[in-house]
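Note that subunit A is present in both complexes that follow, paired respectively with subunit B and with subunit C.
Take a look at the complex of A and B:
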């Protein structure tokens, strides 16, 4: 540029100089060589506060959710103002499996056990299937198959949970009950977990594909140079090497599964007394009873009863406490993935 | 390449290798089959119901033969409103994280918060929206309660996609901008953001798809009823969306043709999502061609 102003010559050296490549860009020109209009200088100086405010809003939201759920949930345990209904002890809520709100029994263990059962079953299917599919996409599939599998996973993750629910209700439940249960209803953990597994598998697949793709090629080459087959390299070298990230993928899948509400609510049968029912049905094998007894989880009970309970009642307050429990679980899961990530970097 | 392999794995290993290779192909094909069976079954169940009348009639509360006209409108309206709320906030937060936060503790903390919000179950967001907007603000079950709460679901996704897209802007572009004397704000608004726009747009379409399918949040904030006038742009009326309608008719059970209506609604939603997915793919291809 022949007619550039002289002052530009005083500007810091251009960052394409290789010695300066690693400097953060922001350390370069703090003060431009010519003066901008007053308005532009003001805008530049203060605009970052606006952006910061957006970021802080997210922080405030995290705290706000915690505060409001805790404030409402506490109503079940403390005689707060405007709380006329019965007050419960932590013990009779969290350590009791006795759920019968109409006679004042509020033990939420059946819901916690239900959530853990359905999530555990779903992970039992989705974690191995997802990790193996991840290996397949990263290390085995030809290019066109990679693209196809990515698109399949994109579609699976994009399908709304109510559509999964209606599929379970109209297709899977009748099919399972007709095929295997001689027409007795199939609602329960098995079908819920199967649908949940399909819903969370894309998360696990995409994260474990990334995990395998980020491994150094030398691992695989070294293993095969020592004479191992493809599968031996995968099983004995790649999967152990990727383990922290595979664990992260599984934990994030767990997080998605435990919070899912609508799809499960449509197929699980919504029966808070499932433990008693399971014990009572002695004509079937225990495993079948476990898989096909109508049950309930934390999320399904929320969806089911939130519209039916009066604001301020013990039952209603307790539902918010259950929501808080779910929220704390999510936070625990995120912190757990953080810790796993730190192990990986160490 | 050596002419002959000096070591051959044991026979068992070779068989295992082949079996596992087949098994992994089988697993992958099984996922394709599940997806195909799923979409096929939904479309097959919904096809007989789908006609112009179904799409353009008002819903019934007790009799058979209701349509989903207002639900389609409410779905689009709520998605648009929630995006209008969450886009500026998500953009702002994303810009802050990519351009201002540096690499230190602040960035890590913001990331943690965004991740937590992204992982928060929608039923928990629904409870929050119900306490704050429906009850405390006194907005009751309405479009505005629904739109604001739905925005909470979008914000972390938009923030993340903005941050990632901005971090992908080539350093040389920003250097050139600074070199020409632009301020930091001018560089972000006039150089970095336009470059990142297509990436952000892709994320936005995906966010719209997610908001379109969301039900748990809207059941408890926008309600399960809809206005009797059409189109009703008021923010204070309840606004049942397609996904809520689908859930409500099946769980409520007062409609004689609930099953058909649910099947038809599900088919409409699947078609909309397939179209959205296709547009994301086209956008993506457009971006690749431009950057090549």
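Take a look at the complex of A and C:
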């Protein structure tokens, strides 16, 4: 029908429309302009319900995971049915660095510190590199290079994390050990952070590129018209202008890094007693000790020990609590991202 | 109409499937024992048509947890069940002996260690290979995760119950351990014997206390580096018919023929080599 209205369900009222009895009959057209068939209207209503159901299913899944983690994790701190072992106090878990499950010591500070250290180091490498690459792609690269680099970034994102891990174990560790450390083992924060950085750089680069490309050209042109060099324009005008979106990019990279398990567990050395080990290794300078002592994070501990622990034991329950901690940290990061993104529009 | 009879057939199949599945013997647990049990299952199903045996992995603890809760018929494991799990009435069958061996990076220059030396290497008393007759290289220990059964056995037999040094790397799969030892100077670890046979020179085995992994040395107790492969059933939570099939299947795995041929070929040893269970490994 050539002149059918756009939103067909809101067709204008007509004389035969029983829902609009309040309108004066004389002003309304005699026949409906256009009406969908009964089947089409039914399909429309049911598809609305279908999409709603899908959305609710996703929310239920996320809620279900949260409930599962909390229910099992709570068994570490509360005497629930299904526990076969003792319960722990919050203090001895979250404020203690003493991890020796076979003697009943469950301080998880080494894992929290490990996760934060490796993520922090990875961001230290990846954020500047990613943001400056974003500047390059957005502002300086010729057209063909822009497309090429975008494709390379997409490719890097597609590589499975376990492949990065095996590459690190078989190639990077022996190379670093032979060339820089006179054959001592290279497992530790340095190599893990380097591999993590390679994994999160594509995310940061894509978002930074978008951030810079969405800035109005007038900013850069205005700055250069006032006599700045290209670098001055970038450093003093563009980067501060894009700051909220660059922060979002960094925080998203942080989120990916903190949840990574497979890639780092092969190169980090997985030693929960790394803090004590680091203190004791007095034959190396502090910075080398920090970078090359085998360490552990929340994620690596989970992936290694969960399959071997008995259901209902304190250890098993505590691992679920650690999983819950990771879940909440990631949630916090996502909420922070949304808040940062919103501030820009305010 | 054709479509409705097709739908009816599909629905009938769907309804009957759980009943058919209920007669299947489900085996879950250790990925180390998995291939051996799968081989046994194929042989058994060939000679007993109408029986279904489904083998899957998940790890020793998963297998034990599942058999205790009734989620599977047989739980296969490299470790004994915990005392709490034993209380639930599960029954143990020792299927095979799983020998393991000490290994090291080829450049260390050591091919054998006596019991005291091996203990000192792993507890941290000795930190350089030259102290045990090798080259002047730092010892890099590679271990399993704290909860690993293999680590527990190593602690009991080689360290005589002492603690591992905390100056060590940890990898959770035998493959990762093998790769780490092969690529790290001065590395030492322990691994299933089968891996050494496939090492191709990337790492070397270290003889323990002058004994090697042969029938005589294992039976006499001279070579203590082994654990048992277990199969657990839960009679209280299993359908009697399925339980009967499961026990018959386990009987087949414990038969002389299976033990002397398939078990040896798979790199394990018949459980009969160890006459008595002196220690709970």
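Just so it is clear, the second predicted complex is superposed on the first by the 305 of 346 C-alpha atoms of A that agree within 3 Å, B and C clash if a C-alpha of one lies under 4 Å from a C-alpha of the other, contacts with A are read in each partner's own complex, and residues count from 1 in each chain.
The rule we apply is simple: a residue touches a chain if its C-beta (ideal position, glycine included) is under 8 Å from a C-beta of that chain, and two chains touch if they have at least 3 such contacts.
Everything numeric here is computed off the predicted structure, so don't read it as measured data.
Considered on the superposed subunit A, subunit B and subunit C are sterically incompatible, since they clash. When the two structures are aligned on the shared chain, A:101 is found in touch with subunit C, with no touch to subunit B.
Using the contact criterion defined above for the overlaid structures, shared-chain residue A:308 touches subunit C, although it does not reach subunit B. Residue contacts after overlaying the shared chain place A:177 against subunit C, while subunit B stays out of touching range. When the shared chain is aligned, subunit C comes close enough to touch A:272, but subunit B does not.
Judged by the number of subunit A residues each one touches, B leads among subunit B and subunit C.
Once chain A of one complex is fitted onto chain A of the other, the partner contacts of A:294 are limited to subunit C, with no touch recorded for subunit B.
In the superposed model, A:169 lies in contact with both subunit B and subunit C.
When the two complexes are overlaid on their common chain A, residue A:230 makes contact with subunit B while staying clear of subunit C.
By the touch criterion stated above, A:161 is placed in contact with subunit B alone, subunit C being left untouched.
Shared interface residues of subunit A, touching subunit B in one complex and subunit C in the other, are 169-170, 265-266, 303, 307, 311. Residues 58-62, 64-65, 69, 82, 84-85, 137-138, 140, 145-149, 166-172, 176, 179-180, 183-187 of subunit C are the ones touching subunit A in the complex.
Considering their complex, residues 11, 14-16, 24-26, 28-29, 32-34, 36, 40-41, 43-44, 47-48, 50-55, 57-59, 61-62, 64-65, 68-69, 72, 129, 132-133, 135-137, 140-141, 145, 148-149, 151-156, 158-163, 165-167, 169-171, 198, 201, 227-232, 234, 252, 255-256, 258-262, 265-266, 299, 302-303, 306-307, 311, 319-320, 323, 326-327, 330-331, 333-334, 338 of subunit A touch subunit B. Every residue of subunit A that touches subunit C in the complex is listed here, in rising order: 84, 101-102, 169-170, 173-174, 177, 183-185, 187, 265-266, 269-273, 276-277, 280, 294, 296, 303-305, 307-313, 315.
Those residues of subunit B that touch subunit A in the shared complex are 7, 9, 13-14, 16-17, 20-21, 23-25, 27-28, 31-32, 34-35, 38-39, 41-42, 45, 88-93, 95-97, 99-102, 109-110, 112-117, 119-125, 127-128, 130-132, 135, 152, 155-156, 159, 171-172, 174-175, 178-179, 181-186, 206, 209-210, 212-216, 219-220, 243-244, 246-247, 250-251, 259, 262-263, 266, 269-270, 273-274, 276-277, 280-281.
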